[in-house]
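These notes open a run of structures that come right after.
Two complexes, one shared chain (subunit A), two partners (subunit B, subunit C).
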Partner chain A sequence: MRKLLFVVERDLRTFLQFKVLIIMRGIWFAAQVAFFGLIASRMVVPELADIYFEYYIAGVVVMTLYSSSVFIGYDLFEEAEHGVFEYLLSLPISRKELVVGRSIGGGVRSFIFVGPIIAIALYVIGLANPVNLLIALSALFLFAFGVSGMSITIAVSLKSGDRFDILMGVVNALIVRLSTTMYPQSFVQRASGTYAIISQFNPVTFASDLFRWGAGIERYLTMNPMPLAAIVGLVIFFFTFTLIGVTIYERRLEGGGWQ
Partner chain B sequence: MRAVLRLIEYDLKNFFRYKWWLAGLISMNLADLLIMAVVYSHMVSPEITEQIRSYFSFFAPGVTVVGLFASAFMIGREVNMEVRRQIHHYMLSLPITRFELAFGRLLAGGLRGMVYMSPLLLTTFIFVGFPTFPQLLTILGALFLLATGISGLSIATAVSTTSFEKFVTARGLVYYILFFCSSIFYPLSLIQTLGQEGIMPQPIVILAELNPLSSGADLIRSFLMGTPAFELNMIRNLVVFSLIFVTTATYAYMKIVERR
Partner chain C sequence: MSIIQAIDLTKRFEDLVAVDHLNLSIDSGEIFGLLGPNGAGKTTTVLMLSTVIKPTSGTAVVGGHDVRKSPTDVRKLIGICFQEPKILWVSNPWDVLNWHAKVCGLSTQERKRRVKQVLEDVNMWDYRRKKVHGLSGGMKKRVEVAKVLIQRPKIAFIDEPTAQIDVVGKHKIWNMIRELRDEGSTIILATNELYEADRLSDRVGIMHKGKMLVCDTPKTLKDSIPGGDIIEIELEKEAGQSVLKELNDFEEVADLVSLKPNKLKVHLNRVEEIVPQIIEVFLRNGVPMRSIRMSEPSLDDVFVHYTGLTIEEAEQKSPSR
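== the complex of A and B ==
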């Protein structure tokens, strides 16, 4: 357990070096909310117009949490480039502890980064029920760990920085757009049945629903019953990627081949 | 002129080395168009739809301009890397004048944008409608002006810092301000209405009106959809933007490569 905490602590310290990333995400959040959120809320149908600004802000929080959790994958390439992997392998820590610790570290640091953004979002949206919010945030930890695990799994499977960068860009484009971060499920359904099916089983949808439920935006939730359905979805997502991540990380970590 | 063509050839060949990057960027642009815009088409109010035909048709020219911007801006990343690694010393040893060197890089950046944007523009034509031949020439000319201006903006940003992190931050800031303060995602009339209501500050409204990305996207829309109406201001904005950044980038690049 202590070794696991050392791994988590190391990843937290590493993240604070990425000041540019933190500034960039901050600017992105501000631009999304102050421009797109505000203007798009004037563009949508009347049934949605009164709630869309708050709905969109909650979606942007989940998008930010997703993209900052993915960032741990990029760290692996930095470490491979600088030969840190060999050093990590020489430490008295098992491979399992290393990957689980890194997933947790990736998830915790995303939460630290998203913390101020969540506070701003709640200031704008308002806080209806603190207990619901606590339940939602606890479940969102699982989401952040799961996304970090997914990022590690893909990075270690590909072992190519360029391919990882592109694949994560494509995955990001698809996973966010085919979710309810930007629009309610009923409108996704009207647009395409296929999109709606993907959106309904998308972990980003589970996370968006949970955050909205926690913040008191209960109109247009996808999952039913809430919060159980979304939490179960996130637990499955977390365990799947943590287990796959541990297996692949153990098998692929040694032997070099990083590009 | 031959030297400029050689430089363009050099930069275009470099551009096609980024196959994965191009594939990723195009899939992101298509995801925006084929998923986000399709869903928004069902979400936009009837009053707005009356103005823009459908959100999908409205957004298709916008995503073309987004693609043009991202690919034309890429030259700055390479120039910044060359400045950091001092590869420009090699460039200076070539039998090319400083002006040709700077101008060639600028044009190459613009052409890269045009090459990348072509399939997106064709997709827009297929879904929204085809322009007449003179309209097509006007669209291509205007987008080339825009691409060259973006290339200039990117080179000017790249040579103003030797730190990659600062370049990335500056690039992000430029991206978000120009993308969101424009008519790429929403009609200009909405931004103006928010300005009249005092919700959006007037400088932001003016920036959106003068933004070359608004002019580029609205020019395509005016020919393909008839809305907003074509105005000479659109061309004027693009010419002014292009002139400013071509001049600034040429001068800045010439200065930076001569620096010890």
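== the complex of A and C ==
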């Protein structure tokens, strides 16, 4: 357990070294809210503009959490390039501790990064029910760990930085666009029944719904009233990718190294 | 007592057999030099023994644990100094070593003490907070070596420890490796520097094209070259045929060449044992000696003897991975 925490600590320390990247992500969030959010909310009927703006801010928080959790996969390529991978594999840490620690590290650091963003979002939206918010944030932790696990799984499966970059772009396009991050489920349903089914079982939808529920914006939730399904969905998502991550990590890397 | 035993250890990378049915036994507490040109299979052997990569076939028992069946147990006993420093560019030496010591189970106090001590020993204390991307190749290598020195593992794999390091630094690191051994570690030193292997190793295994050609103490390896030792003798006067015959009769003498009437070159074995007897032959026959110069074979000569190539030629011919 201690060694797992050391792995988490290492990922946190590494992340904090990339100060420019953290600042850039912060600017990205500010631009999304201040430009896109404000302008896009003027496209809906005037009486719903403020509500959509709040809805959108909550969505951007989850999108930011998703994209910063994915970042751990890019770290793996950076480490492979510098040979750090072999070093990590030579340490007195089991492969399971290593991959679980990295998933958690990826999730925790995303949360640390998203923490101030959540605070800004809650300032704009307001905080209706602290207990709900706490439950929602706990579930978002699992979401962040799951996305990190997914990113690690894809990275070690592909072993190519370019292919990873392209695939993550595609995954991002599918998983975020086919969710309720930026638009309510009723609009997805109107566009296509198939889209609606996919978006209902999408971890990004689960995370977005939970955050909105936690923040008290319940009007456009996919699952009403208590998003138990979303919590269960995120738990399954977390365990699936952690388990797959451990298995693939062991098979692909220990079998013949990164190269 | 054997602490590492490789049994038909083999690693293939597609068509390339990087390590080919390696059989090897390393005793506890020795410095074992794994010598060979780049591409000989040394690093692949180290990576398999340290469980970083799995063998294609065969296995190895390291510290009583099979590398295939109990890799986590093996990793608890080992430490590696990699050939290329494995450090992320955004880190600094202090963080890298402090974290390494933490993972290796050192207590907070002991960790801080050892990290400071070793950083000072490898002349990196002043650069402990400098980002890795600002360090020279030699400095990065010192940090890499420092990992093992801090950890003091039961079994240390040290891959080309003094590559890119200046002469003074080399001697310092060699001394530290010896101290590590004296404190109880078994050391596997992979190197293509023959002088380094000769100076440090209790035994040397010469690898070429993934195979272990020969393995013994440096002295035995050198003695295994027929006529490997050379002495050049300058005499006050010409030696007669009877003297030359008497010299040729020593079984240690492999060849005797007259460079000049009063100058001889003798190829022989076990020079340190036979020279007093050669001197005695000249004195007994009334042929005073003006000078005598002895040279022993080096591990370069051993490598040439067993491969037919110099280490540089072998490197040029080695298949690239």
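Here is the rule we use: the second predicted complex is superposed on the first by the 247 of 259 C-alpha atoms of A that agree within 3 Å, B and C clash if a C-alpha of one lies under 4 Å from a C-alpha of the other, contacts with A are read in each partner's own complex, and residues count from 1 in each chain.
Note that a residue touches a chain if its C-beta (ideal position, glycine included) is under 8 Å from a C-beta of that chain, and two chains touch if they have at least 3 such contacts.
Model, not experiment: these values are computed from the prediction.
Q: Now for A:93: first (subunit B), second (subunit C), both, or neither, which partner does it touch?
A: second
Q: Could you look at A:190 and tell me whether it touches subunit B, subunit C, both or neither (first, second, both, neither)?
A: In the superposition, A:190 contacts subunit B only.
Q: Between subunit C and subunit B, which one touches more residues of subunit A when both complexes sit on the common chain A?
A: Greater contact footprint in residues on subunit A: B.
Q: Could you look at A:78 and tell me whether it touches subunit B, subunit C, both or neither (first, second, both, neither)?
A: second
Q: Let me test your reading of the model: by the given contact rule, A:243 touches which partner, first (subunit B), second (subunit C), both or neither?
A: neither
Q: Touching A:228 in the superposition: subunit B (first), subunit C (second), both, neither?
A: neither
Q: Where does A:112 make contact in the superposed view: on subunit B (first), on subunit C (second), on both, or on neither?
A: In the superposition, A:112 contacts neither subunit B nor subunit C.
Q: Given the touch rule stated above, what does A:134 touch, subunit B (first), subunit C (second), both, or neither?
A: Touch status of A:134: no partner.
Q: Counting only touches as set out at the top, which of subunit B and subunit C does A:13 meet: first, second, both, neither?
A: second
Q: State the interface residues of subunit A toward subunit B in the complex, per the touch definition above.
A: Touch list, subunit A to subunit B: 19-20, 23-24, 27-28, 31-32, 34-36, 38-40, 42-46, 48-49, 162-163, 165-167, 169-170, 172-174, 177-178, 182-183, 187-188, 190-192, 195.
Q: Provide the residue numbers of subunit C that touch subunit A in the complex, in ascending order.
A: Of all residues in subunit C, those touching subunit A are 13, 47, 50-54, 71-72, 75-76, 78, 80, 82, 84-91, 95, 99-100, 102-105.
Q: Could you list, by residue number, the parts of subunit B that touch subunit A in their complex?
A: The touching residues are 20-21, 23-25, 27-28, 31-32, 35-36, 38-46, 48, 165-166, 168-169, 172-173, 176-177, 179-181, 185-186, 190-191, 193-194, 199-200.
Q: Which residues, counting only subunit A, touch subunit C once they are in their complex?
A: It comes out as residues 3, 6, 9-10, 13-14, 17-18, 78-79, 82-84, 86-87, 89-94, 254-257.
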